[in-house]
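Input: a single structure, listed below in structure tokens.
Chain naming follows the written order as A, B, C, D, E and F, and within any one chain the residues start at number 1.
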Amino acid sequence: MQAKGYENQYADGFQVLHPGKTMVGRAFTVQFMPLREDVNGVTQAKSKEATGKHLYNQTAIDMLQPGDVLVVDLFGKKVNGTIVGDNLFFYVNQATHGGGLVVDGSVRDLDGISEIDMPAYFKSVDPTPIGQVMLTGINVPVRIGGVTVMPGDMVVGDREGVYFVPPQFVQEVLDKADETHIHDEWTKKKFAEGKYKSGEIYGSPSDPKLKQEYEDYLKKRLDEIHKHRAGK
Amino acid sequence: MQAKGYENQYADGFQVLHPGKTMVGRAFTVQFMPLREDVNGVTQAKSKEATGKHLYNQTAIDMLQPGDVLVVDLFGKKVNGTIVGDNLFFYVNQATHGGGLVVDGSVRDLDGISEIDMPAYFKSVDPTPIGQVMLTGINVPVRIGGVTVMPGDMVVGDREGVYFVPPQFVQEVLDKADETHIHDEWTKKKFAEGKYKSGEIYGSPSDPKLKQEYEDYLKKRLDEIHKHRAGK
Amino acid sequence: MQAKGYENQYADGFQVLHPGKTMVGRAFTVQFMPLREDVNGVTQAKSKEATGKHLYNQTAIDMLQPGDVLVVDLFGKKVNGTIVGDNLFFYVNQATHGGGLVVDGSVRDLDGISEIDMPAYFKSVDPTPIGQVMLTGINVPVRIGGVTVMPGDMVVGDREGVYFVPPQFVQEVLDKADETHIHDEWTKKKFAEGKYKSGEIYGSPSDPKLKQEYEDYLKKRLDEIHKHRAGK
Amino acid sequence: MQAKGYENQYADGFQVLHPGKTMVGRAFTVQFMPLREDVNGVTQAKSKEATGKHLYNQTAIDMLQPGDVLVVDLFGKKVNGTIVGDNLFFYVNQATHGGGLVVDGSVRDLDGISEIDMPAYFKSVDPTPIGQVMLTGINVPVRIGGVTVMPGDMVVGDREGVYFVPPQFVQEVLDKADETHIHDEWTKKKFAEGKYKSGEIYGSPSDPKLKQEYEDYLKKRLDEIHKHRAGK
Amino acid sequence: MQAKGYENQYADGFQVLHPGKTMVGRAFTVQFMPLREDVNGVTQAKSKEATGKHLYNQTAIDMLQPGDVLVVDLFGKKVNGTIVGDNLFFYVNQATHGGGLVVDGSVRDLDGISEIDMPAYFKSVDPTPIGQVMLTGINVPVRIGGVTVMPGDMVVGDREGVYFVPPQFVQEVLDKADETHIHDEWTKKKFAEGKYKSGEIYGSPSDPKLKQEYEDYLKKRLDEIHKHRAGK
Amino acid sequence: MQAKGYENQYADGFQVLHPGKTMVGRAFTVQFMPLREDVNGVTQAKSKEATGKHLYNQTAIDMLQPGDVLVVDLFGKKVNGTIVGDNLFFYVNQATHGGGLVVDGSVRDLDGISEIDMPAYFKSVDPTPIGQVMLTGINVPVRIGGVTVMPGDMVVGDREGVYFVPPQFVQEVLDKADETHIHDEWTKKKFAEGKYKSGEIYGSPSDPKLKQEYEDYLKKRLDEIHKHRAGK
């Protein structure tokens, strides 16, 4: 994915709600912009005409499906940039079956939110309600840090930050993840034996025999993983 | 309390010693300013005359009572801005019966402090002792972030930050907290049933029947809470 | 304009190229987002179909008209976020007749740019060329700091920052500016006389006689200004 | 003055209005704190009783005398922390005969202010009026950065920052300034001759002959300065 | 150690991997600088000549011994400043017997690293590999924050930061640590009795009887500690 | 020079003393590290033995030659990180014939320095003298921001920042600068005619006739420049 044209798919600088809990899901994107009434008036009139309803943050939240990660561009706003408090966070968890939340903005009620077992990434925490913003898009391209996120991207979060994987790369990324996992497993196993210097094993063994040993291990473990998945 | 004239009662940006542990107490305020000997000389002379003693940080600490939260304005100083180390923190915990500490400044001995079960909010940690400052007031108005704190304010701290509630609002705030708690309880209960969109329930149900259901629930739970408190 | 719904029309935090030189013009907006090839491919294909050309920063620059201010959302990017160097800056100056530039991003060739007498507001300066971004909109709503800027907004910049005035408020703002200018003129004149305390004159005189004097002055000067404009 | 107990008399981190213009004057201090109505009510009632008037920023400004430097603690507030705009800045200039302004906060109307030839040091610039603060003291000790400023301190500002000199050190500081000035004059003169390495001249000549030459020069120039002053 | 000439032996501002776990070991230092091929070419040629090998980060890692703490100067680099990922971190843990890592730079694979029980101090986390740097020294003096670290220094890390103790001070520091530990023990014991104000006990008791009590306690406990160590 | 292995030759984030004045010279590098007496003792003893003198900042300054730019690594230190005040700055100007100064640290006496017509780049300004540091190298490789600077590098500074050009690239860079200069000249000339869109001219003309016109212009102007230089 680091290939030309996809170098900008990683964002960090978040507070991570549950470090150690991996987030994986499908991006459901929401865009906000600073409020100005002339623009908002037009947006709201269109929405009213089309759906009979005004557009606001719950309009988007009520569209969430199991497996979604709610990805919200609130342009880093802290005060009045709080996409959810603990009640709506609870709802998002229910609706997405624990999918997750990524917001370039803030959340409220951190005590309450901390008790809910859904992964979340946010820039800050504030006690104010959301305000002085207008919803300008649901499932449109949004910007999170230095990434253009598209609806449907696979979102993967760990202790460090969040990757947004375009759908056409998902299989490749999953395959790569299996190989990396096996490589790490084997590398640590060899290090644990205490017989090798790091340079003999990592990143790739120099000794042809060790290299072969690794290749065999990789093949065996990949087979096991595939069988295990098929068996499910 | 957000009514005109009380918009500035919340401070954040602290390191929170025991996240998840709520702090509630009465503000005992202490003010420091950068040292200059001519000013300090006058202050010390007055103190000596009135009490026979010099004024320094322990003078204030030795006045703490059970239920106090020690609130210290050290103007954000890190180096030599350490109001307590683990020994005095231990003492503050004893004297206030676990009341708490809020300092716009730093503390020392974080390892030792972490083992003591009292809530604390500080800007930074440093190994230096307190220095290059002078005590300029005990139980005077102090500034913590964007808040003017008065001695006797109710201090409430959670994972996010600290509220300073003027005494005349305490009852109102406690009542409001009960209602909010019941509202959150009910909202999450309804969301957990999985039958409603967030927009139907939150912030206030649109369906008159649901609205009535909530009103009844609120009344019943408030009664329970009041009886429970009376029964104590 | 500070009325409800238009509180977010001011942006600052820029480097100001020519402090003391006021910028006034009509917003011509350009939006960039972080590059990802799948999104860019679709955009470029559409542009190619519609106009026979690829879309890039010069596509937008070549559409500028006299009186335009080029307003560019490059999401604060410094490295590879340089909308123009001195050659294109020279061109923008020519094309807009000295209109101006506002970029939430950077510029190159500050030495060369400094010699060109057009107002400009940018976040930073960098020697790299623009890169790792894709043009996603021309004359669409863009975000500059905490402002949603619409194409056609009146852009007014001074030493402090930039106002984006929605067209429906332009007349009101200009009238208000005349009054403010006259008020400042009169206030300073009275202060220069050295007979008054600031509280007697500013913001509005308390003495009814002085108040009347100011009202007469305001009326007279407004008449002069209007005649002068009509005479042009 | 660097002697024990006076190490904290220098503040920097300001925007300097007229770099290259030295500021010298007598500190007139004003203290603001974040607004809370219960505290402000008491302050205002006391002021009303004592002076028949409410207390606000112009109350302080109207007390300024020639030679004063207005020193304002607005605790670094930017938005609504604007002590003056260009009208009041004009007034301060008139009232203090160009004394100066130091504010740990902001100013408005930078274009207008820039045209007025009074030194000023401020942390930021903002278009909002002053607000959400209360005046809590005039000519009381205030904190500016890491300095406790007392009314009557000599305030000296240059391109780098501001010194606050306690009155008891003023003569000593002025004498020291004369010596430093002469030392710099002589040192540069010797360097300009091009015959010496820096280590032979600076900070103090090692060669006894040069040392004597400097001592003679110092004496002669001090005499000239004193005569010149006496002659004025 | 705070004596003249050793005031700069403490560094903080790190992310601490396992707060509450103390780090103690011997500094093994590594220095990197920004890559430039002319310099790197010479370094590599020399290394090749001397050892038959190229120099890179694993060259240093493979020299680690039990009890070492790996101390790396990567001049605060985040992107491409990742000294290890979880595989090499695993190796370092094996090789040093849990010694530890201090890097003025970043690490990769925080999830994997978090599962390994070795203390680590780093400035940031990034998913990129190490790059655009060159190894310029192994066991040379390096700079970590405001400290010059020498190979062989005793490295002590806690929740706050890291001390680098020159070998000639190690015994003194250990003795001082014993005394401090006993002093804290006694002070807390007295505070726990609830009979004393903090000022009567801390830092040193004013009452001669209490002072004697403390001296006896100190002597007794030091004896116990020394016997306990001797007995091991 | 952006070719592989030389991507790290530019540093910015400096205060520029005389914007608009270009700096060109040969790097004379000096390295400081945080003081520790054991290390400094060895360094000083060696220096004493070799040269009979102690090593300090003037030792380096007294070695400067015409055409040198003094490049100092003071690891970003502000307080006590002041390499020169106005007296030594005056000397450096004399000794280098206006060569220049780049310091990853601070300077003193900005008022005095501003009157001396030598280019200078520094991170901050402070009134303290240099201290708590030790000189660890003269004309050794030093780090300035993200650049490894070698003694003898060509140092080029403008309004934006500073380039450090390895000697082997100097001719290439000078040639490239001539071409860029001519390209800018021609491009602006064409834009000034007002007949072309920016896309037709910049970066390279698409019309073959224009392209030829540019090639001819480039050739003619390069000849002129070379003759002019030869004629000098």
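Note that contacts are C-beta pairs under 8 Å (C-beta built on N, C-alpha and C of every residue); 3 or more make two chains touch, one makes a residue touch a chain.
Every value quoted in this text rests on a predicted model; they were computed, and no experiment measured them.
Novice: Considering only chains that satisfy the touch condition with chain D, which of them also satisfy it with chain F?
Specialist: A chain counts here if it touches both chain D and chain F, which gives C.
Novice: So which chains are sitting against chain E and chain F at once?
Specialist: The shared contacts of chain E and chain F amount to nothing, since no chain touches both.
Novice: Going only through chains that touch each other, what is the minimum step count from chain B to chain D?
Specialist: Tracing touching chains, the least step count from chain B to chain D comes to 1.
Novice: Validating interface symmetry: for the copies chain C and chain D, is the fraction of residue numbers used by both over half? Same or different.
Specialist: On the two sides of the chain D and chain C interface, the residue numbers are mostly different, under half being shared.
Novice: Just the number, please: Cα centre separation of chain D and chain E in whole Å.
Specialist: The mean C-alpha positions of chain D and chain E differ by 44 Å.
Novice: Measure off the straight-line distance from the CA centroid of chain B to the CA centroid of chain E, and report it in whole Å.
Specialist: Computed value for the inter-centroid distance: 34 Å.
Novice: Check each residue of chain C and list the ones that touch at least two other chains.
Specialist: none
Novice: Once the touch criterion is applied, which pairs of chains come out as touching?
Specialist: A-B, A-C, A-E, B-D, B-E, C-D, C-F, D-F, E-F
Novice: State the interface residues of chain E toward chain A in the complex, per the touch definition above.
Specialist: 58-59, 61-62, 86-88, 90-91, 94-95, 110-112, 114, 125-127
Novice: Can you list the chain F residues touching chain E in their complex?
Specialist: Against chain E, the touching part of chain F is residues 4-9, 33-40, 75, 77, 132, 134, 136, 141, 143, 146-148, 150, 166, 168.
Novice: Write out the stretch or stretches of chain A touching chain E in their complex.
Specialist: Answer in residue numbers: 10, 12, 19-20, 22, 158-161, 184, 187-188, 191-192, 194, 197-199, 202.
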